[in-house]
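Take a look at the structures below.
Here come two complexes built around subunit A, the first alongside subunit B, the second alongside subunit C.
Entry: the complex of A and B
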């Protein structure tokens, strides 16, 4: 996972685009849609990294609880 | 290579959708203005030339730019050949004409109710009804301009940004 840096750039790109969408929607007075767009961006990124996070938790478990 | 072509296609498609929506927002005030001048010409035709509706509609269609002129032209032609009442023809043509323009439901209702009064009254009453329809259209025009001012830029940039987001997701 650490060897592959492209996912980092992808997440950074998603972050930038979602931030721009948020700013535009907020400027036009659509606060609720802006919040929703940010939430959707966050969920997308979470889906991207969920494998890595579960790996990390397994590692932590195996280190500290002598299991799995 | 194929990946980049696909990305470019997707991006241009969503940008186009955004521009198309913005064009619709921009066209609405323009067409309401055309509709207003159509009613004013109709008023002049009825009050001063005292023309029958067939001729009045035909003259209106000659003086206006494209989308709105079709409606009056078709109404005039239908009145010549069909035996239905004026309101039937007016309503049928409004329904046929509406998908072609960027106007909303409110303008449709205003125009439909105006058609019901057309040809039913004397000059003074008819003028009052035309003025009433013009006042309603003026109100719609203000609302449409407000919408155009607020949302047309937003829709354009949102289309582009959505395309960019999808491209990044799929790469």
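Entry: the complex of A and C
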């Protein structure tokens, strides 16, 4: 999953799409749905990032001889 | 050529951040975070090789394994603290970043305690009672 730029494009794309959805829903007057859409997008991206962080920490642990 | 790859990754990431930042600053921050993680993961493969060399040298020189392990752990803590502090500072919380750095320093000192003890015991051994 890591080591290529596709995930960056993915996140940037999600960000732009979510911003668009947010704007459209706001224009339609559905403020709470707009907030909800933002929150969902945020959580999706957060999952990507947490995946990356856990991967990195596992690797650091194995490289720098942290046991337990 | 991995260097070119890393540099182009950084440039692509900064372009994407510039695009996304106007609409959603939080997503821009996640982009920054993931870029840092990706570069770190690429770099850590090379660090593995270097550490292999250090361990090999230690075995050849008959250095006690405990010391080399401690030194590697200290290097690891330094890397992690640096990484975390930079990330937190990017998010705009420089005071928390300073605390992370402080914690890194303290933990490094704690890890170095056995080595310091050994040094002090050696010195005391030199002094005739």
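The criterion applied here is as follows: the second predicted complex is superposed on the first by the 52 of 68 C-alpha atoms of A that agree within 3 Å, B and C clash if a C-alpha of one lies under 4 Å from a C-alpha of the other, contacts with A are read in each partner's own complex, and residues count from 1 in each chain.
Everything below uses one rule, namely that contacts are C-beta pairs under 8 Å (C-beta built on N, C-alpha and C of every residue); 3 or more make two chains touch, one makes a residue touch a chain.
Computed from a predicted structure; not experimentally measured.
Touch criterion met: A:14 reaches subunit B and subunit C at once. Look at A:43: by the touch rule set out above, it reaches neither subunit B nor subunit C. Of the two partner chains placed by the overlay, only subunit C lies in contact with A:63; subunit B stays clear of it.
In the superposition on chain A, contact of A:28 is made with subunit B only, not with subunit C.
Greater residue coverage of subunit A by touch, when subunit B is weighed against subunit C, goes to C.
Residues common to the contacts of subunit A with subunit B and with subunit C across the two structures: 14, 18, 41. Against subunit A, in their complex, subunit B makes its touches with residues 150-151, 154, 157-158, 161-162, 164-165, 168-169, 171. On subunit C, the positions that touch subunit A within their shared complex are 8-9, 12-13, 16-17, 19-20, 23-24, 26-28, 30-31, 33-35, 37-38, 40-42, 44, 47-48, 51, 69, 72-73, 75-77, 79-80. Subunit A makes touch with subunit B in their complex at residues 10, 13-14, 17-18, 20-21, 24-25, 27-29, 41, 44.
On the subunit A side of its complex with subunit C, the touching residues are 2-3, 5, 7-9, 11-12, 14-16, 18-19, 38, 41-42, 45-46, 48-49, 52-53, 55-56, 59-60, 63-66.
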